[in-house]
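Provided herewith is a single structure, encoded as structure tokens, for subsequent inquiry.
Chain lettering (A, B, C, D, E and F) follows the sequence in which the chains are written, and residue indices restart at 1 in each chain.
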Amino acid sequence: MMLITRRADFSSSHFYWSDRLSPEENARVFGKCANRNGHGHNYTLEVTVRGEIDPVTGFVLDLKELKEILRREVVDAYDHRHLNLELPEFRHTVPTTENIAIAIWGRLRERIPGASLHRVRVYETPDLFADYYGEA
Amino acid sequence: MMLITRRADFSSSHFYWSDRLSPEENARVFGKCANRNGHGHNYTLEVTVRGEIDPVTGFVLDLKELKEILRREVVDAYDHRHLNLELPEFRHTVPTTENIAIAIWGRLRERIPGASLHRVRVYETPDLFADYYGEA
Amino acid sequence: MMLITRRADFSSSHFYWSDRLSPEENARVFGKCANRNGHGHNYTLEVTVRGEIDPVTGFVLDLKELKEILRREVVDAYDHRHLNLELPEFRHTVPTTENIAIAIWGRLRERIPGASLHRVRVYETPDLFADYYGEA
Amino acid sequence: MMLITRRADFSSSHFYWSDRLSPEENARVFGKCANRNGHGHNYTLEVTVRGEIDPVTGFVLDLKELKEILRREVVDAYDHRHLNLELPEFRHTVPTTENIAIAIWGRLRERIPGASLHRVRVYETPDLFADYYGEA
Amino acid sequence: MMLITRRADFSSSHFYWSDRLSPEENARVFGKCANRNGHGHNYTLEVTVRGEIDPVTGFVLDLKELKEILRREVVDAYDHRHLNLELPEFRHTVPTTENIAIAIWGRLRERIPGASLHRVRVYETPDLFADYYGEA
Amino acid sequence: MMLITRRADFSSSHFYWSDRLSPEENARVFGKCANRNGHGHNYTLEVTVRGEIDPVTGFVLDLKELKEILRREVVDAYDHRHLNLELPEFRHTVPTTENIAIAIWGRLRERIPGASLHRVRVYETPDLFADYYGEA
């Protein structure tokens, strides 16, 4: 099995707030992340794809193309944006690291030519990250 | 000369907008940073102090104390905050990396016991940082 | 499958010495690590848990709580300690990176509320790390 | 399951060119990597082995020995070399990150005493890496 | 004094060889770096400029513009190139880290609008870097 | 001015204790660092030298030689050692980061051929470091 991984970065704002919780519950569950003014992060995305090596090119897939896909499908949409206010996937979903990984999986799943999406890893900080492998 | 440096981190939102510029000028000068919804960063702060070594303790200053000063004067104020909306120093000043460094210098200058503040470095990302050494 | 990982750090002393080996064998097997005065490392711990996302909070588990568990169960016990001399798990077990990973697994296994412990990774240095996934 | 990983570094030149493609196709597929003068990277290698812990030593394998194996089998051969011009494995194979991982797997597979080779990871840059787990 | 620093990366080949030395002297002085097939690195460039903060924008200089200058004057010229064979500044000058820093200083000195070039730092690897501050 | 910097690493134990302080004062001043069993760190050393570039070699100094000097004068002495118990310079001096930097300066000052020692930086962790420039 050959896996190939490419990183990309985006800097975004978010806050944690669920309309299904009272303000008191939001404050208790989410702590300082519940500040509605928002706070932000330099997110790092690692996208791993799985495939066969082309015997002529030596590539699982063209990494210039993968870089362009990440830019178009994720970075252009998320970078310098407020995730809660500007991204449709977070209108009714809390933009936790877990949910950001799922949303990016959904944005990329059908768009990797000739290889399978294997894992989406999202670092909120160097000390905290989520790994999503798709639904079983 | 002995310098001692301690790092701290904070995650904040901001945007770039000057009331002295027209909306069109703000968009032109600040590009995607002018998005009024805000975006954010994991900032890294490096505070350098200069002083004499105490011959008994071997310390320029007590680093536990310096850590506590950084927490109290900077991290508690900036972390998980929107710099434009919640910090008085950025009510009429654009929170660029340069201005954040100056503001942190102002917060710390008088509060380092027994040593001099030498430099404040602020990383907005690992690829971009400002160094401030105080006014000449 | 969703995995969430949190890092923590601790700085400890240790040495490598087995009472089941002669001094000569200890010196041969462990080299400079056999120095009984001890040496030390800045260890980095990565704890990965696996679970379902709560549809209301968007969390696999409350990361503030996980941070607190790591602090209480591992960092407070190991940080600024001599692993051989002060930790019961290393009284008769050499504190290799492998055995530290197993010991931390044992400390955490029963204490992650609402999620499963998936992996414990311990970095002795950035160039050397062990991954433990529990017993089969 | 216990895995232990060790890193090593080497700095090499390479270019991407397939004799089965025309010059125009090479330029189109490989872009600036097709420059026959070569370009280079600081590669980082992570080698992961799997095994049982020796109850006396606490080791899956002797890491000093693993370090020496990586030096002898990989670093001495690749470091400060031009991969296309000087390594037999890349005489007819494009030295992509994927193919470098496979070649290193082949160099190491039979040479890890008392443990199994689990994974070879090769970073071409911090933002791009390949993982090889051997043939199914 | 306010300094602002921006990083950029380029991946290049080079070798060390002086026509003023005999082949034996080149081999002795430069060791494995004298391999005429070349080897390569992921170089990291840090460019520091010094200036006054514009009171309206909060910028020493427009960092989007600085990024574009680094791309145009350095990265496009050096990235995926063989420094000895393709760059005029290294036709008769050994492309050591020191000389690369001087050459980049020369490329940038006159091209920073409204601020002064303060320092050029070039990392050949994370463990080795040169700092150039211009001629006295 | 041209500066060239090389990094090296060593892993050591230490504790903080002054014979000129009572046990109670040691505990109060040094906190958990006063644990006499010791704790340890992966120290990173950065040594910066200043000099003229040799017009033939392009070197301020031979970096292979500098690496060898750091190994012989510092790493061989400090690595896998207990600084308080095994190093003469810390018999009556607390091995704080500041004092380690001064001690390394003393070990290197007279031993850099053809260049001047400019700065010794010692990182105790990535978040804490001391810079020493020698006596005025």
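What we mean here is this: a residue touches a chain if its C-beta (ideal position, glycine included) is under 8 Å from a C-beta of that chain, and two chains touch if they have at least 3 such contacts.
Here the structure is a predicted model, which is why all the values come from computation and not from measurement.
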**Fill in**
Touching subunit B and subunit D alike are A, E
**Message:** Same residues or different residues where subunit C meets subunit F? The copies count as same if more than half of the interface numbers are shared.
**Reply:** same
**Request:** Quick one: point me to the chain whose Cα centre is farthest from that of subunit D.
**Result:** B
**Asked** Between subunit B and subunit F, what's the gap in Å when you average each chain's C-alpha atoms?
**Response** 28
**Message:** Taking the mean of the C-alpha atoms as each chain's centre, how many Å separate subunit D from subunit F?
**Reply:** 34
**Request:** Check each residue of subunit D and list the ones that touch at least two other chains.
**Result:** none
**Asked** Which two-chain combinations touch?
**Response** A-B, A-C, A-D, B-E, B-F, C-D, C-F, D-E, E-F
**Message:** Looking at the complex, which residues from subunit C come into contact with subunit D?
**Reply:** 16, 18, 20-21, 29-31, 93-99, 101-102, 126-133, 136
**Complete:** In the complex, the residues of subunit A that touch subunit D are 1-8, 48, 53, 56-60, 62-64
**Request:** Would you pull the subunit B residues touching subunit A in the complex into a rising list?
**Result:** 9, 11-14, 32-33, 35, 37-42, 79-82, 85-86, 125
